[in-house]
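Two complexes are shown next, each including chain A; its partner changes from chain B in the first to chain C in the second.
On to the complex of A and B.
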């Protein structure tokens, strides 16, 4: 009885109607909010959130609303009345809708995006995330390799203590700044300050509208090293000279950087070409001549606007470039999207469903119109 | 009934939010090449000084004397270096006089032009060929990295002052900065 009640409740078409109306409202609100809070924040607050807060009132976020729609569409199949040949078109249409939502779910949960920056003549085998940071502590003492201990963004918050068996010390985060600016000290620093903090302080700035314009920074304390490396340090994104500490004959480099994902292959930039519209600074096309290097096999490929490279689930789009004094640097947007094919497949399925439904209904429609004419 | 259902969904949402990943990763990589950790450079800056340049993102503009075309505080692992750009007419006194002036500032004996030229490294940048020289006094714990860049009928002098370790760390950025200098149009 209880299960039947649940099924009856969940398969109600009005849930779908209310949910889709709410989703449309979220789209409008999110689009308007994006102007003030930036794309990434608006996306997170309205579309990727389970719960969206309007002042102190919790409302279903985009993710929860879509899950409700998915559940509602799935429970549609519990209706006994649909399992007829006459309703086959509707069933196929619902299947297409479910597949579209499943694809969206896969994209939301498992896809990643970032960029790969390669200077002409150089190689890269990693993608840097647009939004997430990581604290990399690199033990550079070995001759042939570096040992990386990476603390991801969720751990980078005030009062968090970072420790790992690879490290001979602990790091306590005294403050994590979403956006900051290093400023020269006006008075001498105390002896507890080490490295950059001897001469600089990190001033907290208001976060920028666009998340990736921020320069995150961190004040941290190294302790329990048993050496004079103990003390307070500062670090920020883009610091040209990394902080190094020596603890018990081991050298560590500490870097705050964008989260890196290493790829099972490398890309070498052979040449970057930029063509402008004649007499203007408006780009007509950009392209990157690259070598895709995998297991020692080199393959020459051209990546240009609207012609990305797709390899091993990753898609590399020509995104931007940096003009240097001696050479150019290409910026490739890299996307890994497990749900990439779902929109295409589900659209085709929904079209088939609609055509099927139409082909079943058309003879009836023609017959009715003929009857009307006859009357 | 509906309340129970909504409550169950909220519990599911809550459980989904519980992050079980410990967010610590470890891996080993072959020794990184310099290019891998190379700092990002900002876009070229358009200056009112008659020259444009591209500086590393971490260099912070500072206030130097009025003689200076530009000044930067340059952070390194153990402190901050001071970088100045000065523009003088003609050859600005020449290589020998300027290098020996810098050497005297570090309590070092003057050198002859041939000795100086032996220590100079030639580079090519936006203003053409230029020379870079490193002057170090280990006892004093101070060092200069200087570049002399002919620019038409004038000469630019770029001087970085730091400790010897800092000079070594900043050298690549220094050369990139000097190479990026161009006459603005």
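On to the complex of A and C.
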């Protein structure tokens, strides 16, 4: 009896109506907000959030609203009245809707995307994340190999102490800056400052509108090394001279960089081409001639606008480029998405459902008027 | 692909039967903004830029001509053949009184001035213009932008006037010795290019001239010096490089075409290019001599050269077709028919309802035929699907609206479809004309849009969605109006209500799949199905609004009148998604940005809100009154 009540409550179309009205509000607000806060922040605040705060009032965010719609939609199938041939189109249509939402959920939770930046003639085997950073500490003492110790973004926050068996010292993060700018010191630095901080200070800046325009930076302390490497250091994204430390005959290089994901293959850029419509500045096409290198086997492939490369679950898109004095650099967007087939399947299902429904209904709705003249 | 080619060749054949026409001077192909177009289109757009219209009205012509107007192409050939006489056209349109005053001009009520007036006015302002030229666009005042426009227009005018001067017979050879060494008759006129080609024949004479004292000069030497002076003078025109009418010798499609003056300067003229230039030269001469027989035969040769000598550049059929489209003005014709249909319908409400309604429907269908043919020609000329720019989307949405309305009329036969079709078609056509006045409406596309498959599927579907949604909205208006007019006629209102519901389902089909197809395109080219980009969100809002209305109807939250109101409000959502997101200026879809659009959108929203809610409450009142009695 109780379960039946719950089902009866959950299957009400009223819930859907309220949820979709709320979702429309969120879409409008989130779209308008992009003008001020940029896409990434607006998306996190309105669309991919479970809870959206309006001042201090918590309201359902886009993700929660879509889950509510999904639940409501699933209980639609508990209605006895829909299991008739007349309603078949409607049932198929709603089934397609469920698939679309499930696919969206999978994408939101499991997909990953990033950039692969390759200069002409160079190779790359890793993808750089758009938003997350990592701190890499590379032990370069061995002759044959380098030993990497990586600390991920969640660990990179103020007062965090980083330690690992690989390292014979500890790192304490004194400050983590979302966006910063190195500026030259005007007065001599204290004795506790080491490396870059001897000549520079890191100024915190207001975060940029688009998250990936930011230059994150960090001030950290090396301690317990038992040597004079102990002290305060600074580091930022894209630093031209990397920080090196020697502790007890071991040499370490410390780098703050975009989070890397390594691929089981690598890509070599042979040539990047940009073609304009003749006599104009309008680009006609962008393309990258690449070699896909896997287990020593080389395959030549052309990636261009609207024609990505798909390999081992990864998809590589021509996304952007950097023009240098001597050579060009291609920027490929790399995406791994387990939910990518869902929209294809669900749109076909929904198409069939709606067409079925329309073919049943439309003749009725547009039948010849029996009235003589009215207007 | 085979079917595609087959239909295309069929259509071209059809057009060929309809317009068997020789190549003429309007069809001379020119390369501009990445595309090969007829000279006719080019000069129309140039005139539009300077004068604001695509042909010259009598007011701008010298009074002694006493003509009804002049086409752009005739104007062009007149100023190009007589570059020094270009002052007679009053084609500079300056509507800003401040600019007029600062150029020292008298105020002309028609805002029209000629080149001489502008040039003398600009002389005093040249310092000011140089200073504002360096400024970024945002810092310029309205006065500055107008001033710069006048300045660039007069330069454009000069460039056009002198663009062919190297091919004009401007140099008369009088002396026998010189004529002999050039192997021409004394008294003949040669062009700069002709003389350049024969330069080495003159070199012995030149050498003598340089090695002699001036007192020993003969008559022929003086003439030679004179000729050199003229050559030097004509050489000053080499800035006029706008007319890129000579294809690259290789015929390579990705290479830029060149103007006669560019070729003169580079001196790298291929054999085919030379033949083309010589033909052009004799065409210009025959035009000066007003020898139409000669000019026709020369043009035939020009066409022959173009289509056979340069590899793969033989799409002259499309160029000719475009010239024809330019002068056919199909969209003006379809507007005229839509307006006529509307007027006849209004008259039919007063007298002869059946007959007039039929004629009116025939008018609507004729308008539709012109409308459709116009879009079809654009598809053939550009070799791409119907919708790729904002302007084209307007043309296409109105086409869809009129098609839906015609189908409704076919089913109902009571004038309702004509009423809606004429309004949707007419209003949207007027909006489209505003966009057409910005210049060439057949532009090239940026790389990501350069995909005929997705333009054909996603863009066409979503645009059909806009059209059917607007159609459903207008039906909503009709429903409320009918409720006010005949609240007692329940049976009739029920059929209209069914139509609104049907149109909504129909619209949902296209908006939903248009949006999903858009996501799939984004997945194919950017790697994500959905990115919460403003344009995507706009399309999503339309879909959600329509789904909401359908569920409100099922749950009984809204009655037929409320549903009609909801679909009227849906029009606002459609317009915001269609034009509004371009105002935000963010996102991947903000191409086709247009200023001044904000006011029009606000006016439309206000109109829909007032008429929507106004008629809704009025209709409710009417029904209440009815039940009260």
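A few points about this structure:
By our rule, the second predicted complex is superposed on the first by the 347 of 375 C-alpha atoms of A that agree within 3 Å, B and C clash if a C-alpha of one lies under 4 Å from a C-alpha of the other, contacts with A are read in each partner's own complex, and residues count from 1 in each chain.
Operating definition for what follows: a contact is a pair of C-beta atoms (placed from the backbone, for glycine too) under 8 Å apart; a residue touches a chain by one contact, two chains touch by 3 or more.
Nothing here was measured: the structure is a model prediction, and the numbers come from that model.
Taking chain B and chain C in turn and counting the residues of chain A each one touches, the greater count comes from C.
In the superposition on chain A, A:17 makes contact with chain C only, while chain B stays out of contact range.
In the superposition on chain A, A:313 makes contact with neither chain B nor chain C.
Of the two partner chains placed by superposition, A:226 touches none, neither chain B nor chain C. Of the two partner chains, neither chain B nor chain C is touched by A:264.
Once the two complexes are laid over each other on the shared chain, residue contacts for A:195 go to chain B alone; chain C is not touched. When the two complexes are overlaid on their common chain A, residue A:278 makes contact with chain C while staying clear of chain B. Chain A makes touch with chain B in their complex at residues 5-6, 9-10, 50-51, 64, 68, 117, 119, 122, 124, 140, 144-155, 164, 166, 182-184, 195-196, 198-200, 215, 236, 238-244, 255, 262, 322-326. By the touch rule above, chain B contacts chain A in their complex via residues 1-2, 5, 9, 13, 16-17, 19, 23-32, 35-41, 43-44, 54, 56-60, 62, 73-80, 125-126, 166, 169-170, 173, 176, 179-180, 182. Those residues of chain A that touch chain C in the complex are listed here as 13-14, 16-17, 20-21, 23-24, 27-28, 30-32, 34-35, 39, 42-43, 47, 100, 103-104, 107, 111, 113, 275-280, 282-286, 305-306, 308, 315, 317, 319, 333-335, 337, 340, 343-344, 346-347, 350-351, 354-355, 357-358, 361-362, 364-375.
Taken together, the chain C residues at the contact with chain A in this complex read 31-35, 244, 253-257, 345, 349, 353-354, 357, 407-408, 411-416, 419, 443-448, 450-451, 454, 482, 486, 489, 491-492, 495, 498-499, 501-502, 505-506, 508-509, 512-513, 516-517, 519-520, 523-534, 537-538, 540-541, 544-545, 547-548, 551-552, 554-555, 557, 581, 584-587.
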